[in-house]
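The next part holds the structures, each set out as structure tokens.
There are two complexes below, and they share subunit A, which is joined by subunit B in the first and by subunit C in the second.
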Partner chain A sequence: MTFLADLIQTLINGILQGGVYAAAAVGLSLIFGVSGILNAAHGELVMLGAFATYWLSTLYRIDPLLTLPISFGLLFVLGYALQYFVLNRTLGRPLLLSLLVTFGISLVLLNVALRLWSADYRLLRIPYLERSLVVGPLILPLARVVACVVGIGMVAALSWLLASTRLGRMIRATAQDLEMARMVGVNPRTVYAVTFGLGAGVSGVAGSLVALYAPVEPNMGLMWGGLTLGVAQALTETYLEAGLSLLVAFALLYLILRFMPAGIMGKGRLE
Partner chain B sequence: MTRWIALLALGVLLLLPIGVGPYPIRVATVIFMWAALAGSWNLLAGYAGAVDLGPVVYHGIGAFVTAALMLKLGLPFLVSAGLAGVVAMVIAYAVGTPTLRLRGAYFAIGTLALAESAKQLALAWDRLTRIPLTGGSAGVSLPLSAGYVLFYYVMLVLMAAVTAAALWLRGSKFGYGLRAIAENDRLAEASGVNIHCLKRRVYVASACVIAVTGGTAGYWLSYINAADVFSASITFQMVVMTLLGGLGTPFGPVVGAAFLTLISEFLGTRFVYHYLIAIGVIIVAISLFAPGGLTSIFALVRRRTEATA
Partner chain C sequence: MPDAAPSLVLDSVGAGYGALQVLWGVSLVVTAGEVVSLIGPNGAGKTTVIKAILGLVPVREGAIRFKGERIDGRAPEEIVQRGVAVVPEGARVFPEMTVVDNLRMGALVPRARARETASMAEVFAMFPRLAERKLQLGRTLSGGERQMLAIGRALMARPELLLLDEPSLGLQPSLVCSIIDAIRGINERGLSVLLIEQNVHFSLPISHRAYVLEEGRVVMEDAGAALLENPHVRVSYLGV
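Entry: the complex of A and B
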């Protein structure tokens, strides 16, 4: 019985973590899928979102959950500006150039954050999220449940936006066939800027969600490379040892890439 | 012409330790080390178009194998580093065979995952296998080294070897095969280029140079730690230096390594807290205004002067 309860608890921990990972990863994959930009500054965008929530609720006493849309808005503007003024200049250049540019941007963002806010760990105190839901033998920390639900909700909202709105159609058209999209009156530069804004906004909210339950610091972006491996990581942490969880996570990623190149669901785009 | 300038520069660099003190030699050694690492990465990414985000695997393997051979078997440094290169080649052959079949972004992410797994494996190695090799997170200390001039020459030889290999690729049939793969691998395969065999040869050869460089760097620092020698930031620095200098050019990695090392040294001593911000801005500026890298500026200037002459 305890074995079963432990297993279910572990799976739930993994899923709760996975919801936030998914939110962080979707921003990276949206930008890569539409503009072909390998965004090396992704982790820094997540970090900035976390700091937006931290400072807005610490300095201005805004409820942390209400800071999520503000965090999205701030990061959207930053992302839009970065694409419009900087990254649009790399269009038509080799793919790797965008990696170099975003690496430079990540250096600037990370070190500006370190100068402004130091490398201290800062933890938000949110009394009403510090409780846990107890279901029989299972314990669900409320903050993580909220983060997971909001994260998954945001991924769903983004797929709705891409599937069913005029803007979504413009974005998908640009991703599928740049020349044809241009012919029917889509301005790719604006679409790329909006896409980067959306990707940055979503990544920022993912950072804000992390700030609900974990400490915030400038270097936190390093581990948010955008990997949807929550379950595997939590399982290994319980059944093997903490140090091996990343080994299993990355080994799993390698195996998926090697043997299921269209993704676990088999619906991805193949090169 | 370029070759004669390169040979002249090599001659000057060979005699340099006679004339200058330890500090410039140390900076030069750092430049050669990064030029060798970035140059090895350039062979695969710049010529065969395969973007490897896990070359640091062989840097780490080189460092630990060199350390183990020196400490456990008492072998001399140069023999240990050479054997570490051989070990890395064997591992690269085994790893490269399945991995090089991945294409484009999948190869990049796959190798990144591979490097991170290798790091975690190295950190857990001693506990898992009960064979002491990596020292876990505590790392391994090496005997204090013989003097800085040895490292200067080893790194210089490594850099020269990689640059010579890149120059050879520029005009050889092997190099044309690689470039055909970079342009269009399906078409290259259809025209009779054995793409897997060619890519694997480059992958294995660059793994050897990276491992020897890693082994030398480990002995130079006299302390190695799995988290550092397998760090993804080493990979990123190799990529950034190559792109800054010029991807797919023989001297690009050398120019990129020299530029980034010198500017970090110059700004780092003057603006201790802000220099990384400045370097970020410089990287963005160069990639926007000279997207072909710094060597493309030299090429442009030379074409202009030839046109006016």
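Entry: the complex of A and C
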């Protein structure tokens, strides 16, 4: 009985984690689907969102849940600026170039975070989220439940925005036929910047949600790199060509090996 | 009847892609209220004329003016905001968008936003087929419906000049007639029209004037009806 209960409990924790993954993945795939940019800095955006929530609630005593919109706003501005000033210069160039640029961005963000905040693990104490919901034999940690619900809510909100607003139509039109979108008056550079901003914002909130129940540290973004790899492969198969998916995967692996020879968890080598 | 003010002026325009020059010293005028046809064999550069007007192909020599202002060198999204709308080759409706969303995209330019609802009602009155398919995705429409949707989307922008690139390509004759009728109706409301059309026996009768483009150069210009009687045009484009 305990074995079964443990198994079910583990599965439930995994499912609750899924809501957060969904928010993070949707941020990554939105950017790729619209701009064709494989964002290798995705994990670092998640990490920055987590730190935004950690510091805002630690230093300024803002309720962690209230930091979520702030985290979104900060990451939106960062994402918008990155696309507008940096990544827009890679438009119309091969996929590998934007991959290389975002990889560079990820290294910068990671090392700035390490320099500013060290590699220490920091855990938020949120007393009112430390309770659990008990349903029969099952225990649902409240922080994880909230994170999951908010994560799914973010995905739903983004879907609504894309489906039902003028901005969403502009983004979809740009993704479907860039030249035609320009011929009805869409400025693609702005749309790409807003898209990256939205993707970064959603990813940042995913990080904030992780901070509700797990420790925050600069290298936490690297774990999300695995997500990048998996999603990148799936996206390449869907949107580009199945044959390219291995190339993209290996290109990512090459970049990781080239720039992180100590391995993904090679802490201490990045000072 | 056309009034005197020129809407669109191409003045000795040279344009092309990379090392390939497609247009050589092309000059043409669309006067406000006119339907002007551009005819010529495949590969003559007709589509490139439209792309040059829209800023999608760089203009290397000469100038393009719309309502007296230079528009060459501007971005497409800027040019369409001044009152130019296009029905591009192949219609290019947004495939994963509904008919209604495609039309809304047409009304994106600031000059058209406030009148979106009224414009859409007008488009549905003009093409009742579209009204029956409001929530269908663009990719599920037939060729004729796509052309209607592309024309409707262009009209949503409340343009002063409409550019049409082969709006009847691949359509059955009865649909060609209804598309041509629609263009005539659009022009009668005061829009200027620059029309590329293979079916010259349909398009020239509704054209005030027409230009013949061959190998990137304008080789002939005349009233639409007169060109229809021209021996060269009859042999080359009507197969008579």
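Note that in this section the second predicted complex is superposed on the first by the 214 of 271 C-alpha atoms of A that agree within 3 Å, B and C clash if a C-alpha of one lies under 4 Å from a C-alpha of the other, contacts with A are read in each partner's own complex, and residues count from 1 in each chain.
The definition used in the following text is that contacts are C-beta pairs under 8 Å (C-beta built on N, C-alpha and C of every residue); 3 or more make two chains touch, one makes a residue touch a chain.
What you see is a predicted model; the values in this text were computed from it and never measured.
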Subunit B versus subunit C as contact partner of A:A157, first or second or both or neither: neither
Partner chain in contact with A:I139 - subunit B first, subunit C second, else both or neither: neither
Touching partner for A:L66 - first (subunit B), second (subunit C), both, neither: neither
Subunit B versus subunit C as contact partner of A:S106, first or second or both or neither: first
Which superposed partner A:R115 touches (first subunit B, second subunit C, both, neither): first
Touching partner for A:V186 - first (subunit B), second (subunit C), both, neither: second
Most subunit A residues touched (candidates subunit B, subunit C): B
Touching partner for A:L96 - first (subunit B), second (subunit C), both, neither: first
Of all residues in subunit C, those that touch subunit A in their complex: 54, 56, 75-77, 80-81, 85-86, 88, 92, 94-97, 101, 104-106, 108-109, 153, 157
Residues of subunit A touching subunit C in the complex: 166, 169-170, 172-173, 176-177, 179-188
Of subunit B, residues touching subunit A in the complex: 45, 51, 98-99, 101-106, 108-110, 113-114, 116-117, 120-121, 123-124, 127, 236, 239-240, 243-244, 247, 273-274, 276-277, 279-284, 287-288, 291
Touching residues (chain side subunit A, partner subunit B) in the complex: 32, 38, 40, 86, 89-90, 93-94, 96-97, 99-101, 103-108, 110-112, 115, 241, 243-244, 246-247, 250-251, 253-254, 257-258, 261, 271
